[in-house]
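Each chain carries a letter (A, B and C) given by its place in the written order, and its residues are counted from 1.
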């Protein structure tokens, strides 16, 4: 039932990436990438390091410019100079590999900043929202802690709360667990799994194949700047079409 | 305290008040100027960043005394306006210390990782807001000791203003000396006073840094 | 703006300017040598085993650099006027004692940057303490501190202008004199600015190049 709803939603996808290429000088980092992400869909992007997966995900909210092709998010052209990027980004939450919490602010202030300054919420409203999000990620006791006094897993959960504070339509995750000690990975994944269960549209760059198996609808495999494989989860894990994806999977699952 | 100091204390303290007043104004103005110039360089604003570079290089290659002479004698002659020794001092010192502060603040800004700015942008903040709320506050916290070194330096500089006749601490003390002729005592008192205030200033810097510092 | 720039009167006084410029160079050079000697001694004392030496070193640095340079100069010129030290040497002493504190700080951190084992290895091989510092520690420290030294040296050159206040006929002093005669205020001070800028640039560039060739040389030796 859920699957068929999503297929129908593909008629009006949330994110459309169409023939995107990007180069840093002579190095081509993205080559003719195309894919679509429907509302409520969870897509895992994987691939060897340097395959361009982080770059691709940062193109979606315009943090990385690209030279050709187009990306639209809810019908808004990301690459267009007329697009109000800050406004668009408020609808797209992003979580970074190294958390990127503001070190001079408390957890609460980290979550409030964009609500107050970008979304123009009142301080009281922003604080209430921040506190309820901290509670949701299990950190209400850490509201006044500085990032330096939080563990990696706690920092990443605050970062997720910060992204959710703007009530985004889409969440982007750029290797959210790869900078974490192993024992902290699950506390972050649990929050993400819960989010997926609530129907959030998510694009997740990760090597956590357990997470992919559990919540992903689709898996995209990238190598050398190309989208090599873009398949339903079951199909990807059962029978990867390409040799490179098979190799990658066997390496990663061997761990 | 020696009698010659006690007798002339009010006059000298009046000078000290002027020194502190000039220092406070220049610290404020210089930090503001330094911040603006640093942000221009950091954001690579066309044309303005070239102007900023030239300004910094020029000031950093020039003695304070000469900048003071230019502000007091040179610029008023060139542009035909009146100034006072006090005003010229404040202007010259702001221009002077602003160049050094600009370099310090700029290198502070460079310590903020680009991905932190990206994180701020990703939440919908504009470039300006990301600078104002994330990058600048973080950079400034990291360079508090350097900033206070410059404020100490600047406080010591105020002694030079006596050369163009500003009635600050050194100037007043030397006037007292001209009357009393007890140079060793008077200079020792002056030196000690500068020393204590400079040490207090750097102490405040260290205290602030310990309180506000972030990794 | 009814002021027209005229550099003619400046050119007419080129002999005076040159004379002042030479004095500035001599003053800076003498103070520089003395400051390096003071800085090396005081900076080394800061790393000594004996607590008393370390305390003395810190006391020197903190007191000297927190007293305005002008006061240092007045001290030698006015305070100790009975000694009748020529103004030039009062300037040199003031500058050297003041800048020496900054050099000491740099030397201290330079020595700190050389791994402890280096000195211990030198001592173990039978060198005396002084030999270990001279042949093993200082040469390695020097390379690390050249950029900071360059900035202290340029600061010293600019600071030497304060000697004009105690009547040392340096370039700033001559500029005031020429200004008094010609009233070409702006032109003379801009000229002086450019001369300082040139001197500072030459000194700091020379040091940078020297450190570059030293590094290059060291690398070539290491590779061989």
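By our rule, a contact is a pair of C-beta atoms (placed from the backbone, for glycine too) under 8 Å apart; a residue touches a chain by one contact, two chains touch by 3 or more.
Every value quoted in this text rests on a predicted model; they were computed, and no experiment measured them.
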Chain with minimal offset from the mean of all protein Cα atoms: B
Chains most often in contact, by C-beta pairs: B-C
Distance from the mean Cα position of chain C to that of chain B, given in whole angstrom: 22
Computed distance of Cα centres, chain B from chain A, in Å: 46
Whole-Å separation of chain centres (CA-atom averages), chain A against chain C: 56
Residue numbers on chain B that touch chain A, as the complex places them: 113, 115-116, 118-126, 129, 133-134, 137-138, 141, 212, 214-215
Touching residues (chain side chain B, partner chain C) in the complex: 57-58, 60-66, 69-70, 73-75, 77-80, 152, 156-157, 159-160, 162-163, 170, 174, 177, 183-184, 187, 190-191, 194-195, 198-199
Residues of chain A that touch chain B when the two form their complex: 58, 61, 63, 85-87, 89-90, 92-94, 96, 98, 100-104, 113-114, 117-119, 146, 148, 159, 162-163, 165-166
Residues of chain C defined as touching chain B within the complex: 1-3, 5, 62-63, 66-71, 74-75, 78-81, 154, 158-162, 164-165, 172, 175-176, 179, 183, 185-186, 189-190, 192-193, 196-197, 200-201
